[in-house]
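Each in structure tokens, the structures are laid out below.
Two complexes, one shared chain (subunit A), two partners (subunit B, subunit C).
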Partner chain A sequence: MNKYILSKKLYRNELATFYSFLIGFLIALAVGSLILFIQEKNPFDVFSLMLKLSIGSVNSLSNSLNKAIPLILAGLGISIINSVKLWNIGAEGQIFMGAIALNFVYINTSINNSQIYILLLLVSGFLGGAFCIFFPAITKVLFGVNEIITTLLTNYIVFGLTIYLINGAWKDPASLNFPAAAYVSESVYLPTVLGKLSSGFLICILFTLIAYYIKDKSVFGYEMRIAGGSELTAIYAGISAKQKAFFAMLIGGGFAGLAGAIELLSQTHRVSTGISQGFGYTAIIVAAITGMRPIGIFLVGCLFGALTIGGSVIQTIGVSSYIAEIIQATTLFGALVAQFFFSYEILKKDEND
Partner chain B sequence: MSSPILEVKGVSKTFGNVKALDSVDFFLQKGIVHGLLGENGAGKSSLMNVLSGIYLPESGTIKIKNQNIQKMNPDIASSFGVGMVHQEFRLIDSFTIKDNLTLSKANIFSDNFEEAYEKYSEIFTLNSSYLTPISELSVGEKQKVEIMKLIFKNSEIMLLDEPTAVLTPQETLQLKESLDKLSQEDDKTIVLITHKLKEIKDFTERIFVMKNGKMVAKNLETEKVTDQELIELMMGEVKTSNFKKDNKKGDIKLEVKDISLTNSEQFKSLDDISFTIQAGEILGVAGVSGNGQVELANVICGIEKEFQGRVLINSQDVSKKGVKSRKKLSLSYIPENRLGVGLAPGVSVLDNSAIKEYFKASYGPHLSKGKMLGYLNDLIKQFAIKAPDVKAEISTLSGGNMQKLLMGRELISNPEVIVAAQPTRGLDVSAVDAIHKLIINQRDKGSAVLLISEDLDELFKLSDRIIVLYEGKVVKEVGIDSATIETIGYAMAGINE
Partner chain C sequence: MIDVQLMGLLNATLQAATLLFIAALGELITEKSGILNLGVEGMISVGAVSGFITAINTESLFLAVIVGVLSASAFSSIHAFVTVVLKQDQTVSGLILTILGLSLSSLIGKPYVGKKLEVKLESLIDIAEPSNIFQVLLSQNLIFYIAILLMIFTAYILKKTMFGRRIEAIGEDLKSADSMGLKIAKTQFIATCVGGAFAGLSGVYLTLSYVPYWTDGMTSGRGWIALALVIFGGWKPYRTAFGALLFGFLEALGPRLQTYGFEMSPYIVKITPYIITILVLVFLTIIKNGNTGAPKNIGIPFFRENR
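Here is the complex of A and B:
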């Protein structure tokens, strides 16, 4: 007979999530080192090179932060949706949809004032992301369809749509045989603020604060927490749990759509499959590691951006860039295990129970 | 008398500091239908769980077929032929009737299934092919399959926990006939657990009665015992009220007119209910749970919207109004389900403390944490709530403190109408006392209180008038001075004098 039982701790350390992250990150570095060691590389050399080339100069730092933008925005979206205890696996699709919506508006409108035009394009990106999650949201609240499945499936649909558009209707003849839409005009590029750092990063900071406000300081955030805690309590309190879930999903999808718009206006400058390199999936890791806290998502997003840049530059010395992804994924794994031990304790079973 | 097929002596079982079973003796004679009667929480289900090996008792002996069983577990119980039908069905919905019946490794009809199915489906008047999936059966039919499952795994001792709770009157009659056949033709020993007096008289030959974890009557002959004796055994003595009932009453605050509620299966959970409550008055609602109490509270508070009839608060018709606008008319609701309805699990003490009037701490879309904290501190002080960390999850509070937080939250604004459902269930004596004082105090401040309770002591202690709900109807209305335990008990059991 099993003599030990798991018991949920009543009080959790305030900093449990932070410690879990540190533990996870250390485990990930150890695992990464082991793999490098097997490949007969000196882990210390590789890591210090990664560090130097990702944050060692203004240029490399701005590259890293640029990479962080989509991770942070999509992660914030996921965290808002998680306030009602729902999971958004569809940030990847929402990022693409944001870019597609932006391009659609760009093709069909023309505004001379480039600042207003950029603003309009960003808004259309946000709405594109919201549109993308509209279908999972409406099926969730009307029929209770599992949002994890539907948001995941929309990724494939939107990716298919992207392939269709850049090979068909939007294909740029000037790109020869490379499937991509035409470039947007340089007048709507997002300006840089420091080195290569896109002004999208400032938008990112702004939205981090907005997400923090929505989740922690607003009536809407409060109603989402109650609805997420218990649907029956929400009904009892006169809060429509379904309505909160619906709007939380639309807003969260919009955040990811905005990420796609910024990526287009600051990095790729056109719709192509390169709009996202799995940012929407990495964002899930970022959000989960931080326990869905906006400020944490901002910080870990920056770290993961740096890791991605570090991973791509070490290819020059013959180390696969996958080492960065291994570290990211193992961090989540380690952090989740650590969080488990912060949340539960193992008690000796009482004979009579 | 032949020796009993099952005999239990001195069985005790404690959960936390609640004695669910207190040195209980119990025995069954082969081939007859026994009744086990008692109020909710009397220990009936705990005893059955001990017999079927789900709970391990702290003390006492269990003897089945003259064999002492040291450490009971579900496997041993089933090898000795003890089988139980739980209140919640344990059928696999997507499997066919046949698959469900033959699932047990103890299945005795693997070779001649069809023959056996024909025999027992006739006994149970189950008119479905055994290839029908469970999901296509009605609740009554599922019940029949559940009981048949016991036969197919060769259970000689069949424990049926409230089997009639989900059945229509016709189905109940059918069940009685099938059980009679099983006990007479197949020599099955059957225990019927219920709190319905009429059924226990109709179904059984012998009756056991439990109260507060104790067996208060053993092996009564059904034919010789009267309803009144059973009620007295089941309800016990009611302590006399220690609160004064000379409270001054005022205007009518809550009026309920011709309320009916029909659920999706055309079942009337509320049937033409009308009453009024004045300021400074407590109206007690007695009844065995599941007779429409929850539905009545939900209709009054605006959670249940699809009803017929009218609800008036302070003479204002609120039948079409939502939860929030009723709250603004000074209505408070203390729901039966503390954690899960009244309080949201997994959410902080602070957030839970503001559920009733969080909009008062808001400026447009902004929610002021400072205001919420100030409000919570008032609650903690005024209602003596022990909450060590207000940012921690609500489940860090004890049951009593949770209830005080919930009551405090609903009462601090001095509401004119209060609906309180089972406000003291599961609480220890001192917490019960504190909650009772809060309700009386609120009455004296001029609130109209609807008190729904299964605890007759509580109802007699607090109420000015008592109504009894039975199958969704008000079957009795009586002032506290002329109310007796017998009249209320009869009405609760559905017996018209």
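Here is the complex of A and C:
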């Protein structure tokens, strides 16, 4: 009846993920063009303006890379957690929690040496992110509670907590119409390294390497892969799958919390609802599109950071910034479509079969 | 006086529950066929915005409901195509469906933010101040009754008809279903699109009745609560309805706590439904010892090995 059958390819091209990404990106640009076309805008003009204003000068390039920092760090966190085949949809909340924890420590301590103080604040951001995922993690390993739903719902709780704090206990009397916490002292700002580029980007490079090491080179990473792969193998190898899952989740949450801390110390300088603008969700796309590879996350994170900046600047010519988000999401859908053709082949059925 | 307050609470409970329940019921059907669709939030949003835009431009509620339902269903077919036809990861695809749905509806809804709806889904029988349960039930709008019919209908189809048994067979045991000659891809594709249509109806209820205006992110996590509801209901329509009433009650109770004499920050009140959802989910998973009654093949793409 069916003349064609589907067959899994024996060999999968090593660069399949990369090619899929490129194809996906082209598909997304085509979809983006179509939307712009419907809105009676010239896609070529809009895209070239986006390109110019996101990577055209040192200033715009550094803006783009600054935006990439939270995407990369949260993406790395998601990829570490995915080593044990679990999902972290709560990076958005963990970013906010990182900033909240930082501010909490900042208010309650005082250290004269600003370098040590910055380090302490960054560590508290990391711990804040880890704290944020603690409940989903402990209920996952102890009782098997669906971590996708618990981490996602945590986002709404932490966002509500942020609004509660900046309207109440932490409210800066000077912030009237746009409630926010008080600014941190200038002595703890993260210094810039080039143009507007924050030194947070260097931390980001360091953590990309750390994530690469943890995932691909360390014993812990190896054990995580086994724990995520097969329960029986893990038991046979004497690996506690639950313990690995628990620590993977805490570390991954910490990465996202660190992103919030860096965002506070380098961009917003205070706790506000602007700490994250959906970075935690975009990070899911960044992580998934690279097949959870840290180096890939770093590169795609930079690209998506530029896209986000490009999306926000084209608002000045009356184009919605949502175009950038739609391109990002469609890239992943396009990549999924392309992945199919790298993993399967359609064969003609043999008549004698 | 107490009675009027209580009836107000009951009314708000029913409305909040209807919204959650329709989306959850759709997801239940999809998941029964073995497809996990995490895109509920995005699909509700697409249905909500397209229904709202249609209502503003045509002033026809009937057309608005149809457009909302069909566009969300068409939108869910992206997920069906990627996971059923192309056999890609259901978690990834569903998540992106949510992200894409939210940004897409923000894009097309932008010119409509703050616009007032001239037509609104009115209750069938207008009762200004319902004083007993029957009056509250009677004063609901059409979608509430449709939701009840859908519940009975879905429960019947899943349990008593061949089509329903096929869906369940596919969700439970792909290999046996395949050797029985069931059309797996077709069934899963349909189940996913039906789930999308239900989410669209829930979205239409949101913008045409529950809060009759459009603003960004107004679904505010309801799609995810609906996903939790499916687990809560153990993949059974009636139990899911009970869960929806419970969650709807909690959502309705929050803003009213102050009138009952509880001093609570409104910001904290807002996050209670999410906290309670998590706690209920944890409690439920513990008492069922991890065995929630999920379809066994959920999330596993079907691929017939070469023989």
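Couple of notes before you dig in:
Heads up, the rule we're going with is that the second predicted complex is superposed on the first by the 335 of 353 C-alpha atoms of A that agree within 3 Å, B and C clash if a C-alpha of one lies under 4 Å from a C-alpha of the other, contacts with A are read in each partner's own complex, and residues count from 1 in each chain.
As a working rule, a residue touches a chain if its C-beta (ideal position, glycine included) is under 8 Å from a C-beta of that chain, and two chains touch if they have at least 3 such contacts.
It should be emphasised that the depicted structure is a prediction, and the values quoted were computed from it without experimental measurement.
Touched residues of subunit A, counted separately for subunit B and subunit C, are more numerous for C. Residue contacts after overlaying the shared chain place A:Y19 against neither subunit B nor subunit C.
Contact with subunit C, but none with subunit B, is seen for A:Y281 once the two complexes are overlaid on the shared chain.
Touch criterion not met for A:F134: it reaches neither subunit B nor subunit C. In the superposition on chain A, A:G160 contacts subunit C only, with no contact to subunit B. In the superposed pair of complexes, A:F342 makes contact with neither subunit B nor subunit C. Chain contact summary for the complex, subunit C toward subunit A: residues 38, 78, 82, 86-89, 91-93, 95-96, 99-100, 103-104, 106-107, 110, 220-221, 224-225, 227-228, 231, 265, 267-268, 270-271, 274-275, 277-278, 281-282, 285-286, 290, 303-306.
Interface residues of subunit B, counted against subunit A in their complex, comprise 14, 56, 58, 301-303, 322-324, 327, 333, 335, 337, 340-347, 351, 354-356, 358-359, 362, 365-367, 369, 389, 392-393, 395-396. Within the complex, the subunit A residues that touch subunit C are 5-8, 35, 87, 89, 135, 139, 143-146, 148-150, 152-157, 160-161, 163-164, 167-168, 281-282, 284-285, 288, 320, 322-323, 325-326, 328-330, 332-333, 336-337, 339-340, 344. Within the complex formed with subunit B, the subunit A residues making contact are 10-12, 217-222, 225-226, 228-230, 232-238, 352.
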